[in-house]
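Structures for review follow.
Each of the two complexes below includes subunit A, the first together with subunit B, the second together with subunit C.
Now for the complex of A and B:
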């Protein structure tokens, strides 16, 4: 089973959202990392055949997904980033509706909906209207609908947004148990989610993959660029302006800084082992700051 | 043999005492082939016939649609039984844009509720979902229009007036509303969707005025063949826009950034 992306390009007017991407996804969990506007959502929509590419193809087991139509959608599960619900539907009615448009038989749909509601911890509220749900509950219901048809390809755009730490752990376990013999692609800003469950990471910037590999391999690409140092509190503002600060912890009169920098920021700075969050900051700090402006 | 609570070493010993059954390779191969056949036959994704799909989708149409249509019809019959032709005529004029508003509002609920992306990735994608919804809503609209016609005839109202005051505004308003939905796609908002049928309703009135030569109930009416021609033209426009919407809706939003137009909601 493989999902092959070949020269995939999507252009909105003059803006290239996805720029000549090539990749082959086989069974496993893939984490998609990138700043806002990197092209993650567009890529996911292209993989779900919700948008058509300007150039290039996506093929599943050698067949173009656009020509495959409902055969491809039968094996697809998708959770969009920005989604809603029919407010008057109950959780159960919503899953039954999604089952109906996924073409599942009624008996199977009912059984599978109950099973998934139980797995995402919503069985107790299955007959309550969705408009009464919290953000986290809605997100969990979204994850459940994506898994209704036991998809072979599961695409999740920011699935952990709005989930509290306990729910995130539950989600990670759910994905891990679900992902055997399947292709799971998830994008998130919460780097630790990817770190725990993704076997491979795709780092995306300005519509292109800039890194692709196992988390430990990718992290090694910034070896020697993460530093830790202890500085007096008064020195922190000037360092903040000059360097990319990953973390700071105040201890009395001093502050311990974690700095991501090509060169040694201070004489007293010591090299630290990088993690995925450092990697994210190394590649996307500039974009995150400009997005925030 | 009773296993009970035994230690692991005892269980190992117990298992060693049991020799595994001899497997006949021919029977095994036969069984595997049989299982594979059974799995192929087990269809948890059956392709349902069209009437069954319509019934399924009908159960997910909002209740307010049926209630408001039944309400309008009851109101028409209430005045028809009182032989109040003036009120029935006024109600019939409002019926066209009213039904269009219900149609476009229910049809576009995927965009308003932001479920369109989830629905697009399903086996029956957005185009097919819209087609099912259109079939159901048009079916219901024609039943309501048929009921309204019977009510109007009870007040001895002529057929051409029904065409002019009800069918023509309904076809034209619906055609314009579906056209608007085609143009704005997922960027539609409740305010915009309400504004389109109401504006179209007003345009209908201007059209009727331009087609007209005499005055009836304060509204000028035509005396030539332009009424059936205009009604048929509006029906053709409606069907054209409905078909285009169904064929285009799946990729309707692909070249647009996700931004709403005139979102007062």
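Now for the complex of A and C:
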């Protein structure tokens, strides 16, 4: 099973949302990491064939997905970043509707919907209208609908956005349990989501993959660029202005800073082992700031 | 497929706005039927043994029919003279809205006299004007049939306005069919399902037409049943030019009420199907359900306010064949017969091929637009 991306490009006017991407995805969980506006959602839409590429192809097992429409959609599960529900539908009715769209027989659809509602913890509220659901419940219903046809390719766009930490953990475990023998592509800008479940990470910036690999491999790319130092509290504002600061912890009169920098920021700074969050800040700090974060 | 159609119908109807609109339509139909058909405005004042007697509503209908029955048939100069001389009512009495109880005539509502009066056969003092039937109606005169046709005429009148309102409601129901999926971002989910682009799209289209056709049949069935119950079939063979309300007295060819009812059905159903097709296309192309609703409504309603009559007939005819103008009937009915070679036919027949063409184009276009929609 192989999903091959070749020279994939999507241009809106003069803006290149996806810029000549190449990748081969096989069974496993892939984390697509990037700031808002990096092109993650556009890439996912191209992979789902709900947007046409300006150039390039996506092929599944050697066949172009645009030519292989129905067969490809039959093995595809997709959870968009933000999607509405029919507020007056119950959870069960919504899944039955999606089952009909996914071509499941009526009897099997009912059985499968009940199974999935149980797995995502919504069985007790299956007859409640979706408009009464919390954001987390809606997201869980979203993953349930994506799994209805037991897809071989599962594409999840920002699935944990808006979830509280407990729900995020639950969600991650859910994805892990579903991911066997599947290609799962999970986009997020929440680092911990992919840190725990992704076997491979694709780091995307300005429409391009800037890193691809296992989490521990790509983390090594910033070896020697993460520093920890203890400074007096009064010195923090000036350092914030000059450096890309990760974690910050106050201990009495001093603050322990985690700084991501090419050069040693202070004499007292010590090299620290980088993690995925550091990597994210290294590449996206400027973009997150410009997005108001 | 059946399951998808059921879902789509439920989605379309399960909206407070739709229910409010349907409730409005039911109320409107009830008012129209009560005012015009069940029992309508039947109101007879007559003199009986020197006393003024007033009969209204259901009781007035058989009296009215009985008066008309004695004059049912072709319109001859002799018949006109007899009617006018029997019931001569000067304008002053009309205006005073009262009768002289010593005179044995029917007043206020007297179908045959009213018809002749409105066609120039009566002088202001109530006497016969001397105008002949041929002078009034030309070549059509020998084919005209006079009689009680209030049931047909008022039913068509009430149905016409009900269909116009039903058109508005169809716009409200159908415009979100595709556009709402864009608005609430369900398009991505639908279009990634194996049946999303074909069966689901088709189910949406079928559901929209099902609602339009079912609603139109229900509307037609209820109103026609009420007419037949209250007024019977009387007057089906009478000429539309001799209707009591006088709306169709300028139809330039021989047409009886049964034919007019058939033509009206063609116009209403054709108009509703064309409207549904147009709204589906707008919905599939629309950016949001609100914009689709506004655009659909504008396309539907605006032609009603355009001055088609200032245009040459050959252009105006196409304006009269737009859904709302077509469903208004009047302009289409008043248009002269069309001629292709040796075949002469009423312009309303053009609604049939137009409906078929727009239907096919609408279905294909909306299907293609939605299935190839680029999710944003």
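Operating definition for what follows: the second predicted complex is superposed on the first by the 292 of 293 C-alpha atoms of A that agree within 3 Å, B and C clash if a C-alpha of one lies under 4 Å from a C-alpha of the other, contacts with A are read in each partner's own complex, and residues count from 1 in each chain.
The working rule: contacts are C-beta pairs under 8 Å (C-beta built on N, C-alpha and C of every residue); 3 or more make two chains touch, one makes a residue touch a chain.
The structure presented is a predicted model; accordingly, all values stated were derived computationally and were not measured.
J.: Taking subunit A as the common reference for superposition, should the pair subunit B and subunit C be classed as clashing or as fitting?
T.: In the superposition, subunit B runs into subunit C.
J.: Touching A:98 in the superposition: subunit B (first), subunit C (second), both, neither?
T.: both
J.: Considering only the touch criterion stated at the top, classify A:70 as touching first (subunit B), second (subunit C), both, or neither.
T.: So A:70 meets both subunit B and subunit C here.
J.: Applying the document's definition of touch, where does A:145 land relative to subunit B and subunit C: first, second, both, or neither?
T.: Touch partners of A:145: subunit B and subunit C.
J.: Identify the partner contact of A:78: answer first if only subunit B is touched, second if only subunit C is, both if each is, neither if none is.
T.: Touch status of A:78: both partners.
J.: Check whether A:108 is in contact with subunit B, with subunit C, with both or with neither, and answer first, second, both or neither.
T.: A:108: touches subunit B, not subunit C.
J.: Given 5-13, 77-85 or 113-121, which one is the stretch of subunit C whose C-alpha atoms run into subunit B?
T.: The one stretch of subunit C in steric conflict with subunit B is 5-13.
J.: Can you pull the subunit A residues that subunit B and subunit C both touch?
T.: Shared contact residues on subunit A: 45, 48-52, 70, 73-74, 76, 78, 80, 82-86, 88, 97-98, 100-103, 145, 149.
J.: Residues of subunit C touching subunit A in their complex?
T.: 3-4, 7, 11, 14, 183-198, 200, 373-375
J.: Can you list the residues on subunit A that touch subunit C in the complex?
T.: On the subunit A side, the touching residues are 45, 48-52, 69-70, 73-74, 76, 78, 80, 82-86, 88, 96-98, 100-103, 106, 145, 149.
J.: Can you check the complex and tell me which residues of subunit B touch subunit A?
T.: Residues in contact with subunit A: 43-48, 56-57, 60, 62, 109, 113-115, 117-125, 129, 250-251, 253-258.
J.: Can you list the residues on subunit A that touch subunit B in the complex?
T.: 12, 45, 48-52, 70, 73-74, 76-80, 82-88, 97-98, 100-105, 108, 142, 145, 149, 155
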